[in-house]
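In the two assemblies presented below, chain A is common to both, partnered first by chain B and then by chain C.
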Partner chain A sequence: MKDFDIFVLPFNTGLYFILIYCVVRCVIWFRQLSRADKLRLQRGFFGRAFGQSLKEIFMESLIHRRILKSKPVLGYMHMSLAFGWFLLILFGTIEADIFGAKHLNPPYRAIFFRFFNPDHGTTGLTRIWSFWMDLLLAFILSGLLLAVIKRFIPGVVGMKKTTRHKPADRIALTALWLIFPSRLLAESFTCGAHGSGSFLTGTTGAWLASFLPAETLAYPFWWLYSLSLGVFFILLPVTRYMHIPTELFLIFMRNSGISTGDKTGTFSEVQIHSCSSCGMCIDACQMNFVTGIRYMQPVYLHRSIRNDEDITEIAHDCLMCGRCEEVCPVGIEISAVRMIQRRNKTGEPLVKNNWMGYFRNRNNVGSEKSDTGQVYNLRNGREVKQADVIYFAGCMTHLTPGIKEAMMKIFRASGEKVWFMDEEGGACCGRPLMLAGNDREARELINYNSEIIRKSGAKTLVTSCPICYNVFRDSYYLEAEVMHHTEYLKHLIDDGNLRFNYSGRKVVYHDPCELGRIAGIYDAPREVLSWVADLHEIPEREEKGLCCGGSLGNLILNPSKKAAIASDAVKRLTRNNPEMIVTSCPLCKKTFSQVSHVKVSDIAEVTADEIAAVQVRKPRRPASVSLKVMVKQLLE
Partner chain B sequence: MNKFGFTLSVPRVIDYDKNDRSVADLIAAKEPTFRLCIECGTCAATCTAGNFTDFSLREINVLLRRGENEAAAEKINRCMLCGKCILVCPRGVNTRNVLFIARETLSKTNGHERL
Partner chain C sequence: MNSMVDVLVIGGGVAGMEAAGQLARSGYSVILAEKEPLTGGHLKNWYHLFPDRRDGNEVGEYLDNLVKNKNIEIRNNTCITGITGRKGKFTATASDGQVVEAEAVIVATGFDLFDSRRKEEYGYGIYPNVITSADLEKMFRNGSVKLADGGVPARIGFIHCVGSRDEKVGNLYCSKLCCITAVKQAMEVHEKISGVKTFCFYMDMRMGGAYYEEIYREAQEKYGVSFIRGKVSEVSQGYNGRLVIKAEDTLAGRPLRMELDMVVLMAGMEMSDAGEILAGKSSLRRGENRFFSTADNHTASNRSNMKGVFYAGTCTAPMNITESISHARAAVTEVVSYLREKKQRDE
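Moving on, here comes the complex of A and B:
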């Protein structure tokens, strides 16, 4: 029995290279973390996050639960390759340890076990073990077969479009695909020559040995097996397969409470490397399935960042609707990563590759110049009124005056003291500037608006535009509670301050991206609508809601393509022939109105039309005062 | 000869041969809808930033087309990118992108530090 053979060298080189590389990379990444994030990671390591991460790594990285749920065949394909390979390595190592010549073998003894123990697996327990190992190999090969078919016919696994890969990725993919068939053939030839092996390798081996010189053919296939493993490991850091080691790190970082934030840093880089280029985001993207634009989806964005390409156009050509983030099986914070690229105004790539792409230098974004002074000079003294509730219509609502009027009607009916902050027109909220990556200018508008809101002494800020809502909630530091008008309406109904007539009209509700996926408000509009109309749902709702196409997130998309996206969305919304499309974003309303054959209304307009003539209101004054008034009235 | 305190004013002529129209060409190449603009001024009428300052997208458009880039660069940063102008444009010009490209280009070419 031999102990070593020269053919294991490619595998050994690759394996030790990738292990050392991963350790070095993790150390570099860890060192580049901010102090707070380092502490989070340390706390996570000794806390609950560690256990959670192990569980998540098992469920997502090996079993691929999320993909299995949405696309079972695709999930099976990924599971067989990841989980199957993992089990093969695990049981191979145990096998080599128990049945090999000695304990604690070097890894190659487990991987090439059959070569070093050709007669193994003919009696007793070893037979069962051999059967199990063959079963695992068959499991992987079935997944591999699906993967090969998927390359040519993506529909087999439930995908419409699959990713277009770069040459390096293709070479690594070929190496990966060769690993398992070459193992099968190498083991089969060896088994055939020695009369060992179980149902797969044994049967194939016996058949092959019947007409081929198995003993001489086995050796080249062992070489091929070792070479394909070596090539795969060496190429791994510069291809998409880097996601295999990186995802483990990502899951642990995420569970420790680290998030992307607005600056370049380890976490965004880890996320970019964790993208497996599976291409599920391509199918979810409306720009793909409506307008056929297929170069800017997250999979290509991440790859271009990894490959040090110019991504200015890719970064800006996106609706920022967040549909891709919902389907991403890795859970990458795609929009945040893209926003970081938009903030890069230097024109230079954020990542520069050194050492043929194996190591990177990073340009840091986020350290804005502060000596550039004011841009807008917004210092004209507008009159500020004192009120409990202030209403900020926003730019887009001023273009859809129906919503403004409806809100005024609702405010009058509610009896609350409301000041219309931008009745005469106000400054923009700042989010459009942020979406274009101009945070510093946005900050100027934020400061201006904040001061007005603070001076008014408001406790509640109501806005009609979800775009404004998000920026007020996330980027302003306000004492007032920020409410979108859907939430405000729900609040009025819950408090019994507003009653409606039920119209019974058949309506469909469109979830605006900004209010739905970004702000996470799905229930309030549905509850409000159920008071006044007969709400019908479509499959594309809540997290799966469509983008109207008018999004301010995309600077590049031309108006005709935006209209195409809007028409497609309207077609899907009106599948059940509703009387009206109801939405809660002035921009969605405006965009849909231009292409829709059905009436498009804002939720404020629908409810304002149905305000009951008689409002039974809770007493607004303290009980004693109202009693006095009642007695007075009675006496009169 | 006495000068009486008067000077000849610089001729207020727009010299298309001397003006640098490369910025306008670049914008038109990147955003072809720029050529559709008829300078009607609807964008300027609805403008959120125009409510506060003398910013006017129509003016910027005119200046860029004439190649008066310095004058445009001085005013262009006042835009708040809110996007109302796209919605009202009767010609379907992607105004927000026109302005965005102009801003990026002018900030690079004119040594304009902002952005």
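Moving on, here comes the complex of A and C:
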């Protein structure tokens, strides 16, 4: 029995190369982490994060639970390749250890076990083991078959569009595709020559041996198997398959509490490399399925960053609605990664590839503008009124005065001491500047507004615009509690300060991106609406909510395409012929109003119209009423 | 009811009435279908016409007399929703089930005024003293320009280009006659209210018509109307109930806030709903501006992509009354030669 054969060299070279490469890369990444993140990672390693990560790696990287849930066939494809290959390696190693010539073998002995033990698997326990190994190979091959079909007909696995790949990716893809069929043939020929093997390799082998010289043909296929493995491993760092090792690191970092932040760094780089280019973001993107724009989705953004390409346009041509982030099976913080690229105003890439793309250098890109001091001449010392509640309408609400008037009516009915902070105009919350990457200028506005809010002594800040809401909540340091008016309305209802006529009108609710996916407020608007109207839901709701198309996040997309996105969204919203589309964002309202034949209203307008002295007619038990409210009503 | 005539004219506004009248004078039998209870179209709502400020009713009377012809059957309350057929024989169906058959068709479905509520930032439908140019004409007709509470406005702003030249509402084109209407209305306001102050907020003053520039000059010199170049961004209501507008004076290069008693929105022209319905239920083609597209911009502006179906007036592009009447007459010459050729071929 042979111990070694020259054909294992390509595999050995590739394997040791990729192992050393991964260690080196991880060390580089670790060294580039900030001190705080290094500490987090250390704490994570000895804490709960470690266990959590192992569980997540098993569930997501191997089983692909998230994809399985949304697209079962696609999930099966990924699972069979990842989990199947993992099991094949695991059981292959055990097989070599138990049944091989000696214990603790070099890896090639496990991978090419059949070559070195051609007669194995003909008796007793070994027979069952061989059956199991064949089953695993069949499992992988079934996934591979799906992958090949998907490349040509994406619809088979439930996808409308699949990712367009680059030459290096194609070579690696071919190598990957060759690995398992060549293993099948190599094993079959060997088995055929030796009369061994189980239901797959044994049967195929016997059949092939019946009309072919199996012994002679086996050897070239073992070479092919080894070569395809070697090529795959060597190309792995410069292709999308880098996601396989990187994702493990990503999961561990994420569980340790590391987040993307606003500058390029290890974590954003790890995320970019963790993108498997699966293309699920393409299907989720309204710019794709409404306007047919297919170059700026996250999969292409990440790839272009990896490939050192100019990404200025890709980074900016996006509605920032976050639908892609919801479907991303890897859980990449896509919007944060994109924002890092937007903040870079110099046009220089933030990271440059060297060593043919195997390693990357972070460029120290300075900010474009030198510090010119204050940019805005904001009037200080403007009149501040003392109040319990401050209302900040924001620029978009000023452009939709219907919402503003409704809020005034609600405030009057609430009996609370309210000051309308920007009634006669005020400074912007800062978001448009931040979205354009001008954070320093935004900070001036933030400081100015913070000072006014602090001086007023208010305990609550109410905004009508979800954008302002997110900025006040996340980018300001305020003592006042920030509430969007949907939450404020719910709070007034819960406290018994506001009662309504139940109109029974059939309405559909549109989740604005900023209030829904970004702020995570789904229940408050539904509960408030259920007191005044008959709420009907559509499948594209909550996390799957649609972008209205009016996003401030995209200054490239032309208005007719934005209108097309709005029309498509309205079409989906009005599928069940509601009397009205209700939303809770002035921008969504304004955008939809331009294209909708159905009335579009803000939740504030709908409720303000129905304010009553006593609650008239109890609404039908709405499906979305929280447990808290139900308990409260039972107690009454 | 099934009837066969020479020509069916769809739309009883200025262009439709003119076309029907001229065809009848030449001896052709015409059915004039009007979706409203009365013919006359938008003209009924206009008080004085620019540039000479004659009473709109005078033109109305001319058209009424013109269609009083035994060759014309006027069918009011008839909204034609579709045309089918090929050259020589067209079948039109109305929303109430009527069927009209004709050898040729003139489409004169006209325009609708832009619904100013779509520019919510101007507060139309929210603040009672924000009105449209059409509302102001109605006030002129009733004899007095009053605020919602019955008071007399001392400061009035005119906002040009509401729904025109505005990418955000999907209308890139210029409606052509809002500038001159604003000039005319500002002058008339001065005549009705002594000492009133008026402000026109414009992007460009498009005074491309006979005697337009002259009255623009008169408005400034004789009446003291202020013309401010810059679009108004928003209208709100201040503590005292007066309207507050935010704008930019782009000539002075600075932002501007102003208190006004009344704001008049110069609503632009859009393809009419009736035209949209007809386009949806026929093979008539429309342009990017949603108006019907003509066979040739220069030499066949009355012809459609359906042989035997012709266009007259503002269903193809914004036009003033003078142009609508000329365009309708041009359509008539096209129809007449089409019917003659057809007759010769048939014989």
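Basically, the second predicted complex is superposed on the first by the 603 of 636 C-alpha atoms of A that agree within 3 Å, B and C clash if a C-alpha of one lies under 4 Å from a C-alpha of the other, contacts with A are read in each partner's own complex, and residues count from 1 in each chain.
Keep this in mind: a residue touches a chain if its C-beta (ideal position, glycine included) is under 8 Å from a C-beta of that chain, and two chains touch if they have at least 3 such contacts.
All values derive from a computational prediction rather than experimental measurement.
Asks: Kindly classify A:Ser593 by the partners it touches after superposition: chain B alone (first), chain C alone (second), both, or neither?
Replies: Only chain C; A:Ser593 stays clear of chain B.
Asks: Regarding the shared-chain residue A:Ser560, is it in contact with chain B (first), chain C (second), both, or neither?
Replies: Both partners, chain B and chain C.
Asks: Could you look at A:Gly402 and tell me whether it touches chain B, chain C, both or neither (first, second, both, neither)?
Replies: second
Asks: Between chain B (first) and chain C (second), which does A:Pro167 come into contact with in this model arrangement: first, second, both, or neither?
Replies: Neither partner.
Asks: A:Gly425 contacts which: chain B (first), chain C (second), both, neither?
Replies: Both: A:Gly425 reaches chain B and chain C.
Asks: Who does A:Leu552 touch here: chain B (first), chain C (second), both, or neither?
Replies: Only chain B; A:Leu552 stays clear of chain C.
Asks: Applying the document's definition of touch, where does A:Ala436 land relative to chain B and chain C: first, second, both, or neither?
Replies: It touches chain B, and chain C stays clear.
Asks: More residues of chain A in touch with chain C or with chain B?
Replies: B
Asks: Considering only the touch criterion stated at the top, classify A:Gly124 as touching first (chain B), second (chain C), both, or neither.
Replies: Neither chain B nor chain C is touched by A:Gly124.
Asks: Classify the contacts of A:Tyr376 with the two partner chains as first (chain B alone), second (chain C alone), both, or neither.
Replies: first
Asks: Could you tell me which stretches of chain A are touched by chain B in one complex and by chain C in the other?
Replies: Correct list for chain A: 398-399, 425, 559-560, 590.
Asks: List the residues on chain A that touch chain B in their complex, please.
Replies: Touching chain B: residues 345, 347, 369, 372, 375-378, 380, 395-396, 398-399, 425-428, 430, 432-433, 435-436, 438, 441, 445, 550, 552, 555-560, 587, 590 of chain A.
Asks: Once bound in the complex, which stretches of chain B touch chain A?
Replies: So the residues of chain B in touch with chain A come to 31-33, 46, 48-49, 51-53, 77-78, 80-84, 86-88, 92-94, 96-97, 100, 104, 108, 113-115.
Asks: Chain A touches which residues of chain C in the complex?
Replies: Spelled out, the residues of chain C in touch with chain A are 117-118, 120-121, 123, 125-127, 167-170, 233-238, 244, 246, 257.
Asks: Provide the residue numbers of chain A that touch chain C in the complex, in ascending order.
Replies: That would be residues 398-402, 404-405, 424-425, 559-560, 563, 589-590, 593-595 of chain A.
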